[in-house]
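The two complexes that follow have subunit A in common; it is paired with subunit B in the first and with subunit C in the second.
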Partner chain A sequence: MLECKAVSKTYLTGSKALDWVDLSVGPGEIVGLFGENGAGKTTLMKCILGLLRHGGAVTLDGEPVTPKNIARLSFATCEHSYFPALTAGAHRGFYRDHFPKFREKRFHALMDFFQLPMNKAVRSFSTGQRNQFEVILALSQGADYILMDEPFAGNDVFNREDFYKVLLGILEPTETVLLSTHLLEEVQHFIGRAVLLHRGRVAGDVTTLELEEQGRSLMDFVKETYQYRADRVIRALNDLTDKEE
Partner chain B sequence: MKRAWTALGPAARLTVWKVLAISLACAAGQWAVFRSLLLGWEPEPYGPEGELIYPLLEGVADAARLNWIFGAGLLLVCAALVLPGLDRGAKTGYTLRRLAVGERALTLAWGGQNALLLLIFWGSQAGAALLLARQYMATLGAEIAGAQTLFLAFSRAPYLHALLPLWDWPLLLRNLVACAALGLSAAALPFHWRHGRKSWVLFPLAVLAAWCFPCGMDAAVGSTFALIIYGSALALTAANVWRGSWDED
Partner chain C sequence: MKINKPDLSPLSRLFPVGWPWSDTLTYAGLGLGVSILAAFALFATRYGRALDALYQWNDSITERVLIPGALVPPFPEVLGPTLLAFGPAALCWVLLPVLLWLYHRRESRSDYLMRRLPQRWELARRCLAGPVLLLACTLLAAGILFGLLFLWYQTATPAGHFPPDVWAMTGGYGNAGM
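Let's turn to the complex of A and B:
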């Protein structure tokens, strides 16, 4: 169980990125983490990984995250965390040495699926290929909890669709995914639970099963939680048009 | 420990060949300048009998500005050691911070690896100087230049003496500590930058090492002073790495 208890983060600039976030993610869950820009999604992931100083506690099965258990977490980020000058093959060797549960078979299967070259430096890959490789590394590390922060930024819709299917096909029952993305409608059929962040707080937490039972879509849920005013754009346009007239 | 060494793999892959290439290029440049000077140096007649005076090895070495090429090479080596650790095109630090070995221990080990590469550069330059001396002796002939010529040249010429200090222990120690300080600073700079802090200590250290490397036998005070500077920089850099594992936010 990955648990965040009262996780808070205020940057030196004074902006409060996370405000008392409580969140528990159990084994085997696929959780979508949603929120507007600046809601705190990336900051929460970085706090979980211990990349940022924060208040509150993050635990893995009751233990704080330290170098001893950090390998149970993997991270795929749109910022990319690979070594650009190394080849995919060199990455495989490095991950094999440092992550004892590295999934070699899965690595090769995904490399074949996305037809990525093993002997080219990753910096020579296209943007889409780089994203794919970043995600491949995160999925192959052998982590129990796979954190993904906007991993498909820059990939086309077919590529993303393929990836969701592959993701569902290869994950083992104990593997957990925490996926941060703005692509709500695309991922709604692949996630089992949606967590909404708003201004650094958990504004909503619902399973897709609950949504189905209520006959609501994920987008409806998000709009209701954020109190989205659908007439906002029309009003603004009308106001603008009136002024011009 | 094994993990710390294997974690150095990516850096080693990106730096070893560059350091070897720079070492080779410096040696080739020195050889070209030295040879052209040596061949163009006309022996001058001296005295009533017109005895020919040949240039001294240290004179040719000085005129060839071997130490300038060494200095430029050293700065290039430092740059080559720093670049792989900087987050260029990716946040590599996110991966380094998820290793069981710990980023701080990794940075110290990385500093050790850099120091070894600097030792290789120093060794290659010493080897190059010996080869140039051999060329000098081959050009002038054994009756004029012998082992004593070599011994005197490597004692009198500040640059050659700093390359092979022989029994000059303070200078030898200065060079070793300089390699350690530069190596660790080259590892610490990207470490601090990855965490949002600025670390500039490498730049003055590298310039100091490149500029003040030549050191004569009579400069014990200077080499002791430099030893203190490099030693202090080494200790402070190590302490700063050990203290600062968090991001500045």
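Let's turn to the complex of A and C:
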């Protein structure tokens, strides 16, 4: 169980990125993390991984995240965390050396599936290929909890669709995914639970099963939670038109 | 440049993953060589002048003879700023860790990966170990050169023309009859 208790983060500028976030994610869950830009999705992931100093506590099965258990967490970020000068093959060697549970078979299967070259420096990959490779590394590390922050930014829709299918096919029952994305409608059939962040706080937390029972879509849930005003576009356009007249 | 296989050389583990460490060592070797040559040339010039000051030409201007009572300056004074020739190289190695740290933020954030390795100090090690080794080599080279220059000073100075205290820091040069 990955637990965040009262996790808070205030940047040096004084802006509060996270405000008392409580979140528990159990083994085998696939959780979508949603929120507007600046809601705190990326910050929360970085706090979980210990990449940012923060208030509150993050625990893995009751233990704080330390070098002892950090390998149970993997991270695919849209900023990318691979070594640009290394080939995919060299990355495999590095991961094998540092992560004892590295899934070599899965690595090769995913490399084959996405038809990524093993012997080219990653910096020569296209943007889409780089994203794919970043996700492949996160999935192959052998982690129990896989954190993905906007991993598909720059990939085309077919690519993303394929990826969701593959992901569902390869994940083992105990593997957990925490996926931050803006692509609500794309991932709604892939995730089992949606967590909404708004201005650094958890604004909503619901399972897709609950949504189905209520006859609501994920988009409806998000709009309701954010109190989205559907008429705001029309009103803004009217205001603009009035001014011009 | 692409790196196909994990670099298994022990030296590669002293630098960030993917860092062109062999180029760094080549440049370090060249830098050290230039430092040694510059230091040697500077000392040779200073010591040559100090030795020249011990001699005078006799009347026929055909041979040099030692001036009775003339003394060579103490060694630290002859040495002067010679070892500062190692300064630029040493400064490079002191600043290199910053460059190596920033390297992890170039084109990607590989520092994120390094910071979540089970080996807690891997990132710090790869940013510091290489520069520390190069700094140690530079200091060692400066130390060895210091010893060799002192040996030269001891063997090339005519007997009886040493100052009372070869390690005296002041007062020798002006009193040596130059």
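Keep in mind that, in the parts below, the second predicted complex is superposed on the first by the 245 of 245 C-alpha atoms of A that agree within 3 Å, B and C clash if a C-alpha of one lies under 4 Å from a C-alpha of the other, contacts with A are read in each partner's own complex, and residues count from 1 in each chain.
To be clear about the criterion, contacts are C-beta pairs under 8 Å (C-beta built on N, C-alpha and C of every residue); 3 or more make two chains touch, one makes a residue touch a chain.
Keep in mind the model is a prediction, meaning the values are calculated, not measured.
Novice: Do subunit B and subunit C fit side by side on subunit A in the superposed arrangement, or is it a clash?
Specialist: clash
Novice: Examine A:Y11 and indicate which partner it touches, taking first as subunit B and second as subunit C; both and neither are also allowed.
Specialist: A:Y11: touches subunit B, not subunit C.
Novice: In the overlay, answer first, second, both or neither for which of subunit B and subunit C A:K101 touches.
Specialist: neither
Novice: Does the superposition put A:S124 against subunit B (first), subunit C (second), both, or neither?
Specialist: second
Novice: Once chain A of both complexes is superposed, is A:G89 in touch with subunit B (first), subunit C (second), both, or neither?
Specialist: So A:G89 only meets subunit C here.
Novice: Once the structures are lined up on chain A, find the stretch of subunit B hitting subunit C; candidates are 43-51, 133-141 or 169-177.
Specialist: The stretch that clashes with subunit C is 169-177.
Novice: Residue overlap on subunit A between the subunit B contact set and the subunit C contact set?
Specialist: Overlap of subunit B and subunit C footprints on subunit A: residues 49-51, 67-68, 70-71, 73, 75, 77, 79-86, 90, 93-94, 97-98, 123.
Novice: What part of subunit B is in contact with subunit A in the complex they form?
Specialist: By the definition above, subunit B touches subunit A via 3, 6-7, 9-10, 13-14, 84, 88-95, 97-102, 246-249.
Novice: So in the complex, the part of subunit A that touches subunit C is made up of which residues?
Specialist: Answer in residue numbers: 49-51, 67-68, 70-71, 73, 75, 77, 79-87, 89-90, 93-94, 97-99, 119-121, 123-124.
Novice: Help me check something: in the complex, which residues belonging to subunit A touch subunit B?
Specialist: These residues of subunit A touch subunit B: 9, 11-12, 49-53, 67-68, 70-71, 73-75, 77, 79-86, 90, 93-94, 97-98, 122-123.
Novice: Quick check on the complex: what are the subunit C residues that touch subunit A?
Specialist: Of all residues in subunit C, those touching subunit A are 1-6, 17-18, 106-113, 115-120, 122.
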